[in-house]
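Each of the next two complexes has subunit A plus one more chain, namely subunit B in the first and subunit C in the second.
== the complex of A and B ==
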């Protein structure tokens, strides 16, 4: 019990350390970048004198670095991520508005990828080196090598532009009802292409991990023993093999999060999905640095928290782990 | 003293340089992997295209021709974009950019990762404690978004992009090298070197790194692939080097001609898939050859 608590404390410590490093990086990068921080924060080369004054005061740019850093940390602790220059609104508000669609897209795609990857990985792992295994492995390689945005564009071309089965962009049709079941069906219809794209590029990771661990567990001595004891292959598989083989895929869920969010951002841009990815693109185009830095902070925090949760879930799933 | 004993001198338990037999076993494992040889063949083809780019490409990739958004045909095998640039030439020359970017980024990552990991694992103690924390923290930072922020702040010329990607992906290599150094440190030949009073730097350079580098090499090939994909993603967000015709940039610029000019995005994307896959296949082949236990089980 105490070791579990100690483990928990250490993992939370690691989380805080990561967040601290990200905050320091954010602070240092803006000040180390070529050019005046005021110009960077203003997002233009010739900010008006009033703007320079306002920004200098806001970020305390005329103060010593230590004071600036302390002010930055204090405002972050108060939940203040800064103010977007081009949207003229708090960064936290802009992120709060776009996080919903991003979560919807990311979670749908990840669940799909996990289910598909584990299922196909099991199919391959139970018959290694068969023709079906070779075919699935090839497909996994191909998908793994695809830039998500390109796959999205190709999907859009075929299923939206040519076949006309699915909408090309956005999250809902402005002409359809904005409430109730009809609205959610409309959203689901718009979700198909982006979610499928993101799921397909993620799937190979789960496929490969599952396949490898199924092959490994099937070769373990205890499986041979169970077989010798006369248990039916189906029972051995369901009760003993799959459980063990699933664990590494669960770990991947957490490790993948940063990669998934990057993929989601690119896919959102392709499909004009109104999430954080599109917000990032807007911020890049308008050189809105406070917004970009705020998004970076939030994404980093999400990834770190995601990794912690995965760790805990893993420990709960696998009783062999005793957090020594 | 050194000249006459150098090559054949072996300390007790020193595995020494790889012998012919070991190399042959390794190669057999690589060929057995199936993915390895296919990847090598693909990479050879891609490298050939890069080397012969001026011969293969009908025009320079930046050249504007009179045919605007022409579909694939005799004059332009992959068609042209909305400004009349030949897609085939862009794809051919883009091979050079992608290979350069991937290899340089991964090489930077390999060097930094190897040094940090080897020092951490070999030194142990508080040095290891600090370096390991650092590795863990940087492993958790989402690379793509960090690269994006840095490129936006510091500029987007190709050398910059390569360096930044390289400097953000090294922790994976460091972790692999650290594990290797931890186990090599306990081996007799390294202990003998320590007992003989060899300098730590020399032990690292002569014993730890040469014997522990193999997993880093395999991971580096995978990182070449990752770097190429990262650059493509950056270019797609408009953060690529504007003076360089890269595949990601072609897709980014081809977006305006979708859905009618599908060839402007299809072909550069296929080029990315083939190149990235080549490196993934090679990396898997290397891992397979390095991992005999998995090999016996048919993984």
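== the complex of A and C ==
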């Protein structure tokens, strides 16, 4: 128990250190990129030098980098992510608004991909080199090779435009806003296509990992022991093979969960989903330094926390892993 | 002691003591291979009577483990019994459907595998294995099944020299010797009549091996076991068995009381095998390896399978199968056996 707590404390320390490095890197990288926000704000059409100068001063961009960095760190320590230059609103507010829709989309999609990938991987892994296995493997390769935005557009074309079963874009119907349960049903309806798109492109990874691991575990010696002992194959599979075979898939799930905030940008753009991915792209286009840095910081924190949770869950599932 | 260790239902033993526990007749097993079917076991006869302990020795690839797997009905995909019978307590296992085989496994015949290190699931406690193996052949369910199974497991773990709280250990926290003992305990859960030890001590260091061997020798008596010991190590067989059967390229070449066979082998292959092992007592001798390798088993030779490596082989050996000679409880399959005076 105490070793676990000590381990947790050390991991949290490492997490803070990671985030500190991220803060420095973000600051440097964002400013090293070509272009600056003043250019965008002032317009490309021969802005007056006075206006450019005024804007530059207003956002503190005339100060030396070290001074800018110190100001940034000081406000971060006070929990302030700064103000967006282009949206004229606090960065934290913009992120808070978009993090919900993104989590709804990506968590749904990732869990769906995990469930589907593990189920199909188990089907394939228990009958390797069969016709069904070959078919599933081929389908998984095709999906893996497919760009998510293209798959999204095809889904939109077929299920929204031709069949008219599903809405094309957005998170809810803006023309007739609903409340209560009707609102959530509307959201679920809008969620189907983007979540399915994201789930289908993530699924092959879980499928391949699960299939390989089921094949390997079924050949393990302990399976022979249990078969020799007269256990039914179904019992052996449910009680022993699955728990062994799922370990790598759980690792994959943890790694994927780290990218829940950042991984869906293209799909969000295709489906006009009001999430963080779209916000990120806009911030980058407009060289909105504070917003870009704020988003990167939150995403990095999510990845780091996701990795920590994965390690903890893994240690709980696999007794061979001990914290020390 | 024996009474304490017996399984709860151990009263239902067949009374006919002379009936063989295991009777293998004309067993032929082959495997699929890229170049055709490999004849792994070519017409094997072996009888184990109650209380017998028979060692099956031979070099790698001689078909020893295949015999064990065929008895348990666990031949891997591509493996097949082509002919013969494997009668366990009178019932031919080669014709039993899978679900009836399952009922036979572990209750009538149990097996201890070579790789104890990987014979338990790494993410389950030993207790889980004992409970599930126990439940596989018992009607009790739920909490009652669990407590009965654990009770039996504790008795057995103590019988093999482990502390009962090893039940709560995960396999990776135990040593190879401890796991091998635990595996032996697991094999005894349903008080089997026949225990097959397939290279059960091969992976252990010599000190641990000696300890485990003496435990097994004691268990043979306490649990009234009939044992089939499969090993390439004639020392292991000498320690555990009363009789030894020598397998070469799927053929039984010699069989008899262990001391007689090892001290005065009649088949040239047995003699070579004995010379290939070091002795602790007696004058120092040079170890001799056996030149050559096993014949190509996809095209078994017409004559004696050992002829190509045999120092005594003559032309006649390659023309037809060697004659089988029985005398004084010994069998040898050779045209020119050693020690002709012991023969007829």
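General observations
The criterion applied here is as follows: the second predicted complex is superposed on the first by the 262 of 324 C-alpha atoms of A that agree within 3 Å, B and C clash if a C-alpha of one lies under 4 Å from a C-alpha of the other, contacts with A are read in each partner's own complex, and residues count from 1 in each chain.
Please note the rule applied: a residue touches a chain if its C-beta (ideal position, glycine included) is under 8 Å from a C-beta of that chain, and two chains touch if they have at least 3 such contacts.
Just so we're clear, the structure is a prediction, and the values are computed from it rather than from any experiment.
Overlay on subunit A: subunit B and subunit C fit together in the combined arrangement.
Residue contacts after overlaying the shared chain place A:149 against subunit B, while subunit C stays out of touching range. By the document's definition of touching, of the two partners only subunit C reaches A:226; subunit B does not. Counted by residues of subunit A touched, the larger count belongs to B, out of subunit B and subunit C. Of the two partner chains placed by the overlay, only subunit C lies in contact with A:235; subunit B stays clear of it. Shared-chain residue A:98: touches no atom of subunit B or subunit C.
In the superposition on chain A, A:106 makes contact with neither subunit B nor subunit C. Superposition on the shared chain A places subunit B and subunit C such that, viewed from the Cα centre of subunit A, they span 70 degrees in steps of 10.
Look at A:256: by the touch rule set out above, it reaches neither subunit B nor subunit C.
Judged by the touch definition given at the top, the superposed model places A:244 against subunit C, while subunit B stays out of reach. Minimum C-alpha separation, subunit B to subunit C, in the superposed model: 12 Å. Note for the complex: subunit B touches subunit A at residues 34-35, 133, 136-138, 140-146, 148-150, 152-155, 225, 229, 232-233, 236-239, 248, 251, 255, 258-259, 262, 265-266, 269, 272-274, 276-277, 280-281, 294, 297-299.
The residues of subunit A lying in touch with subunit C in their complex are 220-222, 224-232, 235, 239-240, 243-244, 247, 317-320.
Only residues 72, 74, 102-107, 110-111, 113, 115, 118-124, 128-129, 132-133, 136-137, 170, 172, 183, 186, 189 of subunit C touch subunit A when the two sit together in their complex. Contacts from subunit A toward subunit B in the complex involve residues 14, 17-18, 21-22, 25-26, 29-30, 33-34, 40, 128-129, 134, 137, 141-142, 144-150, 153-154, 156-157, 160-162, 212, 215-216, 219, 257-259, 261-262, 265-266, 269, 280-281, 284-285, 287, 289, 292-293, 295-296, 299-300, 303-304, 307.
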